[in-house]
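The data blocks that follow each hold one structure.
Each of the next two complexes has chain A plus one more chain, namely chain B in the first and chain C in the second.
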Partner chain A sequence: MSKLFLNFFLLAVMIFILKGPFEWLVLNSVWSGSSSDCQMHTGACLAFVRDKMDLILWGTFPGDKRILLCGYFLSFFASLFFFFQSRRKIEVKFGVLLFSFVLESFFLWPVSISKWNGLLLVLYVFKGSYLVAFPLGLFLAVVRRYGKGFWRMGSIGLIEFVRGMPLIGLLFMASVMLPLFLPVGWEIPKIIRLFGAYILFVSATLAEIFRGGLEQVGKGQMDAANSLGLRWPTTLMKIILPQAVMPMMVPCVNVGITLFKDTALMGIVSMMDLTMTSKMALKDLDWGGYVTESYLFITLVYFFFCFLLSYLGNCLRKRAVIH
Partner chain B sequence: MPCRLDKHLFTHYALPFLLFSLFSLALFYNLFSNLENQGLRLGFSFLTQEAGFEIGDKFFFSYESTQSYLHAFLIGLSNTVMSSILIIFFSTLLGFILGLLRFSSLKLYSLFASFYSNIFRNIPLVIQLYFFYHILINYLPSARESYNFFGLDLFFLNNRGLFIPRFGLTDFSFSYPVLEGFNYFGGSHFTPELIVLVFGSSLYAAAFISEIVLAGLKAIPGGQLEAARSLGMSERNCFSKIIFPQSVKIIIPPLTNQWPSIIKNSSLAVAIGYPDLLSVVNTGLNQTGKAIECLSLIILVYLLLSLVSSFFLNYIAKKFQYKNE
Partner chain C sequence: MSKPIIQMKNISKWYDDFQVLKNVSLDVKEGEIVVVCGPSGSGKSTLIRCVNQLEENQEGEIFVDGVEIARSGVDIEKVRSDVGMVFQHFNLFPHLTVLENLTLAPITVRKMSKEEASDLAMSYLKKVQMSEHAHKHPHQLSGGQKQRIAIARGLCMRPKVMLFDEPTSALDPEMVNEVLDVMQDLAKEGMTMMVVTHEMSFAKNVASKVCFMSEGELLEEATPSDFFNNPRHPRVQTFLKQIS
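Then we have the complex of A and B:
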């Protein structure tokens, strides 16, 4: 009896909270038409999102070259699903990811890099920085575990420094401080500098995860390989790393999801990511400020990709449990 | 392994040291030639200059715009620390509640909690903050029509923030907010930025903490519950005396590992204009153009914060270590 009461209580609370948003988003919303149609209704103006969807997703990407985006997304999703669903070796998977990244860059080559806005920028930075950060993080972790002397100390220093900083601080450093440390006359585009910040941040996070993996590999493994007469690089590549990396794939996917969410910070250092393109769309005087609708839209976009990644990561975990 | 310093002195010590010093030498050479070209000079003397900007949230400290940059930065640091403490408190509380709901046998409740956690974990915090800030500023009523909690005329919420009564602990004074003109005066005032930061970050972090709590509760073997039941304990006692105390020891270490990331995430305050350390220093940077000095202060303070929190966490981890007696 009390269970029934508790269930009804939750239902009542949910209805009380969600009634307003539901009416606003579903019952009274306007799906098509112009600004004047929206003003006649009290609900959400989804016609605005429909009209400005292109601008929010792609920003200033030239309209006549949208066909290139088809190739980009084909390559992106194909490589993503290959990475998660294939059962090949991790080296092969990463090779395919790298190849697809180069392919995507070629697809987008005809368009100037300053016009890769919105979702395109987010996806490009996400994939590029994860691809570079993965081997770099592995390298840092191996140096931290097996390195000697100052090499080890340097690795620890770098990892702890980056992990102690908030990512937004690193982004500020990359956008404001880094140009002062470059040789006189050098100009590195801002996007590349931000890439550097993301790569550092993710590789430090991944290095900590790989360190956990490396510490799980027994010391006997190394001794056994030594007694077989294997050389140090062979031991590392064939014995240690496969045992250290494979159990850590699920945490690595979680780091990937965190990285995807962190790409939303690029707007704060005035890169044209989804938040900035939605602000650009809101400047249109014909429509007025439908801020809530545009935020809901980009929230939905981010949710779609993060949920996809966590779903694929879950599949990976289930398969790992079965094996 | 015997220490053969003579053999490895070069490869393990001298070589990395040489590389590192060459690298930093090149960086500093670039820095100084760049500064010379732009006619800038390094130096922290600007810290004693007048800051000239207002800070809305000050918690227990006083600050005027005529005071120095150093004072403003310290206010920013105290704001970071205080908002982090608030976020940690609320997110831990909410995370435990949600984790327990997910563990409960009531399907509707566990479904609700898992929906919550899946939705809030998969949306970037900064977008949630933007969204909540927009909602709070634009959809909450103005001061004259503000929400009056429980009809007590003591707690008010409007688009200028939350107003609550204040008790002076030192002089036993008591003041409560009163509407005068278009705003409330007296009592304590929490700005919308602080409310959004604490509210949004807590909701976000609670989703992660609920996962940790759920994993900790599930980690207790089923035999424990069966043994407790066979002793005739009530369901309530089974949970509060057997399951929960054991799972707390599993939950605490990963829970405390969330805290540094909460402290770091509180720097997203810069997105909604809450004057935490990063955003105050950023304002100072924009006013003075002292990029190197300001950002090295940021680095120093955040490294100190992470050092302090890691010492604290090690202490807690030792205290709650799972002893297998």
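Then we have the complex of A and C:
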């Protein structure tokens, strides 16, 4: 009886909360037309999103080169699904991912890098930095765990320094401060500097995850490998890393999802990411400032990709069980 | 007079100020089964782990098949590949199948082909009666089965000597004998073995020599019949009383 009452109560609360958004998004929204059509209604102006979708997603990417994007996305999604769904060895899967990234760079080559805007920029920076950060993080963790002297101190110093910085601070350093310190005549493209910042940040985060993985490998494993006469590289590659990395794949995917969302910070150092392209769209005087609609749209885009990653990561979880 | 496979001369080892091994000397000759026993914490594991330098000794010399090993410039991996070792907690590689556990070292260290290594591994699996488990993972096996696999893994390297560090201590009682049987078969075939164990029946029936350690010292070294029937050292007498 009280359960029934509670259900009704919750239903009433939900209706109360969702009524407004529902009316705004569904009942009173405008799906096509122009700015003046929108002004006659109180609901969402989805006509604006439809009109500006191209601009928000691709920014200034030239219209006549769109065919290149097909190649890019084909490679992007194919490699993503291969990585998460294939049962091959992780080295193979990683190699395929790396190869696909190079391939994608070639696809986009005909277009100047400053025109890789919006979603393209987000995906490119996401994949590129994660691909470099993953092995780098593993390397840092191994050096921290098994290295000696200078190497070990260097690894600890780098990890702790980067972990003590907010990502936005690293991005500012890369975009504003680094050029001041470079010798005259030296110039590193901004996108590369930002790549550097993301790579550092993510590899330090991953290094700490891998450290946890390495510490879980029993001491007896090393004894057994040594007693068989295995040399250190073999022991590391065949015994230690498989046991340390595989159980950590799920947290690693989580770092990937966080990185994906953190690509939005590029807008702050004036890169043309999704936030900035939607700002560009909002500047159009023919349309009023439909801020909510445009942010809702990029929210959906981010949600789609994060959900996809999270879903694929869960498939991994089922398989990564190591005994 | 058979040649010594392991020669330890005046081994001493310290952990900081604590001396674990005190001037221990011990020989294991070809075909001999040397059993080392003694109370817990007396340094048995440390001693046997010095033989393949899983632990470093600070003083003394160790020769394996005539080669002095605790010296810089020695290819220690090469020495280790000729010395098999079986641990108390099996230490199988959990991410590999039984067959892969056995073939990894022959392939990477002995540079065998995959087929050759598999054939070799299967022959040793048959010997420890585990052929039908070749494609399982270690977590699917019982303790006794795991230890038999661990023995087979060591044998696949065709070692000159096998070291056993309490191979039956982590097993449920009903599985102890299946492992001891395998070890006994090995002994019959002439394998040289150094065994740390509390299984006195094994010491009585199989050993060529029984050693007793206490607080880092090797107190007694005798044939099984001397060791069990008229031990000289009073510590050995109390130890034998305690465990019988």
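To be clear about the criterion, the second predicted complex is superposed on the first by the 320 of 323 C-alpha atoms of A that agree within 3 Å, B and C clash if a C-alpha of one lies under 4 Å from a C-alpha of the other, contacts with A are read in each partner's own complex, and residues count from 1 in each chain.
Assume contacts are C-beta pairs under 8 Å (C-beta built on N, C-alpha and C of every residue); 3 or more make two chains touch, one makes a residue touch a chain.
Note that this is a predicted model, so its numbers are computed, not measured.
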item: Touching partner for A:Pro110 - first (chain B), second (chain C), both, neither; value: neither
item: Touched partner set for A:Thr275, first chain B, second chain C, both or neither; value: first
item: Chain B versus chain C, judged by how many residues of chain A each one touches; value: B
item: First, second, both or neither for A:Gly63, with chain B first and chain C second; value: neither
item: Contacting residues of chain A [partner chain C, same complex]; value: 218, 220-221, 223-224, 226-231, 234, 238-239, 242-243, 246, 322-323
item: Chain C to chain A touching residues, read off their complex; value: 49, 52, 54, 77-85, 87, 89, 91-95, 104-105, 108-109, 137-139, 153-154, 157, 163
item: Interfacial residue positions of chain A with respect to chain B in the complex; value: 3, 6-7, 10-11, 14, 148-151, 154, 160-161, 163-169, 172-173, 176-177, 179-184, 257, 261-265, 267-268, 275, 291-292, 295-296, 298-299, 302-303, 306-307, 310
item: List of chain B residues in touch with chain A within their complex; value: 8, 12-13, 16-17, 20, 27, 30-31, 33-35, 37, 106, 108-109, 112, 118-119, 121-128, 130-131, 134-135, 138, 264-265, 267-268, 270-271, 278, 282, 285, 291-292, 295, 298-299, 302-303, 305-307
